[in-house]
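Shared chain: subunit A. Partners: subunit B in the first complex, subunit C in the second.
Our next item is the complex of A and B:
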């Protein structure tokens, strides 16, 4: 492409705008978490300052529940991701290799159910969950989060497993491997990219989800986004420094993860949304 | 070995069990609940369509309906325009492309709660960065806590910021699969960049555009956190959207019947929007059986 210097300059400017638009608010949160409280609303805004860990110290003192809630997020996210990977690997394999009217019908059912707005299921679930004593438990959120991603996950796994040559399975079968062995020794190692791709979506969702956590947790299983939202709506004024420190701790691990696996995000979306 | 056996049905069973038990059956039950008077403790009592009648006569329901409609359309088409522009931009020469794409993707990793935190910080009256900048160049301030329309626009900007990566990625993937010979030959034939875009690029990525549109419509309609954490639907319930309205009905006023009616409307709207996509998928799936 033979761009003139002028079109190049315009391109660069537009790219710069896009980068600032996407990145600056996040940068601002992380940067401000290291600011002295008085510096946070400095007028005009300051970008050069002596970093301090003061906000992080006070986060631990004033919101002692924050770190246990981070741990809850970790447990719930791990659980939901593992559950999703296990059930979608099995289902994705079957959809990749076999077909029947019933299977096709059930595949359509999976796509159909994806259109349901999650909030509506809280209505019957809320009393049922209270009755069963499942309210405010990790396992409830694990199962709910996984449920909303098994459909996408199955679709992604199917797309990846389809590309594995059947001959490999036939060879394993001749060697006397049963279905379980074939799956765990032949298929899954080769579909590792699919596992990563389908994990990303449920992982990011579970780590960040707000409304189910708001409705179904109160104390024991409360997640990080929920306690951050509480910091945002305290009656006696928001403590921005603490809020930024908490938000930074919550966002950095998953941000690093998403950037590390960015090419699988594209692959997953392609397999999940566009292909039939 | 390639015959379908019962074990294979057993392998797809867990996925379907989850979907049935936690989504499909509860959704159907919500349909039943919407026909009842239901609150905490007491058993649901059948009241016919009266919840829907109440809903349609409720000023606040209609306000949240129109608010949802406004936000959804601003978000979906705003995202489409930005996402398409960005996809075309990124398909050409870009320095440090991987880094730039990583930064564009970043908002996807952020929880809605933190998104609200950062935008509320920038929009604090007088001292927030955006309001400070606007004020110092004499443009007044963005006051979302008093002006409902401004609040809805701020909510839309937040949602666009949060979900642009999704729209961008789907369109970017489509744009990058266009064979470059097609673009080149259009240029050789003397097409202007605009003609090339309109007659070649857009034609080829149209399916991806529709998929992105459909998914974003359906997801945008569920919008809750941005509104709840920014305004709680206020002032005076002026900025509620359907999901917030439903949440208030159910978890503040304990009117599960009425909330279920709202929920069913949300579900039906989603299905109507998804219909063309569902139809296309149905045809595609059953073509080979």
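Our next item is the complex of A and C:
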């Protein structure tokens, strides 16, 4: 009995440490965005204060490009997520249902490609992108982000689709459905957890990605992380209140989305864990 | 008959010439000129207080100016990538001498040639040191636009509390004062006497130069083991061990120094003169209006050759509008434009701007900064391995301060690491 109590207490303590470890910095950022700028770095820090929206007001005044850049982030993130879901669903189906040496080889090739540090890829890509006139376009970032997550997404989808009994597909074929209908009406609804899980990965990555956005955008497709980085790299000193306000706004959409679908993340991570 | 034919031929030729010229003209006159820079340059040129110093040029030429702005490091990353392409879209690039060097000289036009053909007014007024900072392999690759030069910033309230009437006149007095200013206030605030930034060597090199030392000279000689430099390494070690420098000082970047000063946790620092405004900003500082700035004193008196960093305007060699870009650079470098930019908060590269009444009203330290500019120089001269050499410098300085090496050993080790990197 006391062992159980002790185990529970230790478990709770560990969870508490993990929550504080990962959540406290975020809490500080959000809290600081509502503080008077002079109080942000006060020693000792104050946790009780009169909140102000001054930093949010100044963010709009001094960095008017922030909100249009957030819209770019939204367009690119949505595009990359949709593209990844479409491609990985189809690829996952093929890898789950068919087998050949070529398919096995290509599956491992995808993992291999993912091992390249992104910065290496930008070197040959930069002149090519300019030559094709794709620099500073939403399409380019959508394709790049999707490309980076096709491998992981495909493996996730493969694991989910493998768990769906083949008999369901065969029944659909017998009823006269073609491959497309079988996929869209039978397979994908049953693999919805996998779709959500893989889309979360690509969504979080695309929303926060910096290197590709820095190298391939200048104005039209500039994303929010770039302007936040500009706020950190001013010549006259960082305005911390404004920076924290921007970080809080940048954090919100993805946080809301991840919380809303978090149970699918766990399901996605566990997918295939007990299969051979 | 012959006359008639001549008339027709002449008319056709004239028409063809007109069409060709018009085509050539439209080719030479793009709709916009693209500038890649940091946001601070855009606000210096287009700010409201001093007015838009590119407005007349745009009106005269019928060409708009498009600004693409990035953070300090990001702008160089982008500029060098863009300039490496066969054909570029950037017409003017703002670059900092610290990120420049002979390795990038081929990417930009030699503006010395443009200056010879169609010169900027009173070009010699821009200090030779600033021009040299952007001259590589005999090419002037950028025209100085903005400088950030170090001064000594101090909290007047703390000086008064400790009975100090005036800022120090010698480096020796400054060091004594740093010890005296190390105290705990009645409200419990621990005040550090002196702090400096440790993200690059500029803060330390200021002190070395005040004692006649340096890190790397402008002709690429390693001198961080000279007596003046060694004295400073000993001093830093002593300050660190006594707690005059905070225990976390190695993590101090510019931002931490600004925060410490604004929060009143340090009494003095060596930073750009322009920080005067950050420190006195009522929205950010706990001591608005109480900060003063003066020159960094040299050992024995006089003004120490402080660090300056210089942003310059360059024309990428792959720009399609080089001549037009030069005319804008010329415009932005004029005396009138320099004053307007200074009123917009720019560090003016022309001494005459400091004499302007409008500038003097806004910049109370004008005379001091103008005086420092005469002898100010870059932290290190630009070369291919500048960044690596600066990293080694900081590593060895920290080892000496922590006591894992003697100052002599640290500087001897630094010499071994840095000398092979220097241009021969």
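In this section, the second predicted complex is superposed on the first by the 243 of 276 C-alpha atoms of A that agree within 3 Å, B and C clash if a C-alpha of one lies under 4 Å from a C-alpha of the other, contacts with A are read in each partner's own complex, and residues count from 1 in each chain.
What we mean here is this: a contact is a pair of C-beta atoms (placed from the backbone, for glycine too) under 8 Å apart; a residue touches a chain by one contact, two chains touch by 3 or more.
A quick note: this is a predicted structure, and the numbers were derived from the prediction, not measured.
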Clash-or-fit label for the pair subunit B, subunit C on subunit A: clash
Touching partner for A:126 - first (subunit B), second (subunit C), both, neither: both
Partner chain in contact with A:219 - subunit B first, subunit C second, else both or neither: second
Of subunit C and subunit B, partner touching more subunit A residues: B
Contacts of A:98 with subunit B and subunit C, given as first, second, both or neither: first
Partner chain in contact with A:229 - subunit B first, subunit C second, else both or neither: both
Which superposed partner A:69 touches (first subunit B, second subunit C, both, neither): neither
Which of subunit B and subunit C A:237 touches, first, second, both or neither: second
Subunit B versus subunit C as contact partner of A:37, first or second or both or neither: second
Touching partner for A:81 - first (subunit B), second (subunit C), both, neither: neither
Colliding region between subunit C and subunit B, picked from 62-70, 134-142 or 278-286 after the shared-chain fit: 134-142
Touching both subunit C and subunit B, counted on subunit A across the two superposed complexes: 41, 43, 126-127, 215, 226, 229, 232-233, 240
Subunit A contact footprint on subunit C (complex, rising order): 36, 38-40, 66, 68-74, 77-78, 81, 84-86, 148, 189, 254-255, 258-259, 262-263, 265, 274-275, 277-278, 283-286, 345
Subunit A to subunit B touching residues, read off their complex: 1, 3, 8, 11-12, 14-15, 18-19, 21-23, 25-26, 28-29, 32, 41, 43-45, 86-88, 90-91, 93-95, 97-104, 106-113, 115-127, 143-144, 146-148, 150-151, 154, 166, 169-170, 173, 179, 204, 207-211, 215, 224-226, 228-229, 232-233, 240, 243-244, 247, 250-251, 254-255, 257-259, 262, 265-266, 269-270, 273-274, 276
Complex contacts: residues of subunit A adjacent to subunit C: 37-38, 41-43, 126-127, 130, 214-215, 218-219, 226, 229-230, 232-240
Contact set on subunit B toward subunit A in their complex: 1-2, 4, 7-9, 11-12, 14-16, 18-19, 22-24, 26-27, 29-30, 33, 40, 85-86, 89, 92-95, 98, 100-122, 124, 126-129, 132, 136, 161, 164-166, 169-170, 172-174, 207-208, 211, 215, 218, 221-222, 224-225, 229, 243, 246-247, 250-251, 256, 259-260, 263-264, 266-267, 270-271, 274, 278, 280-282, 284-286, 288-289
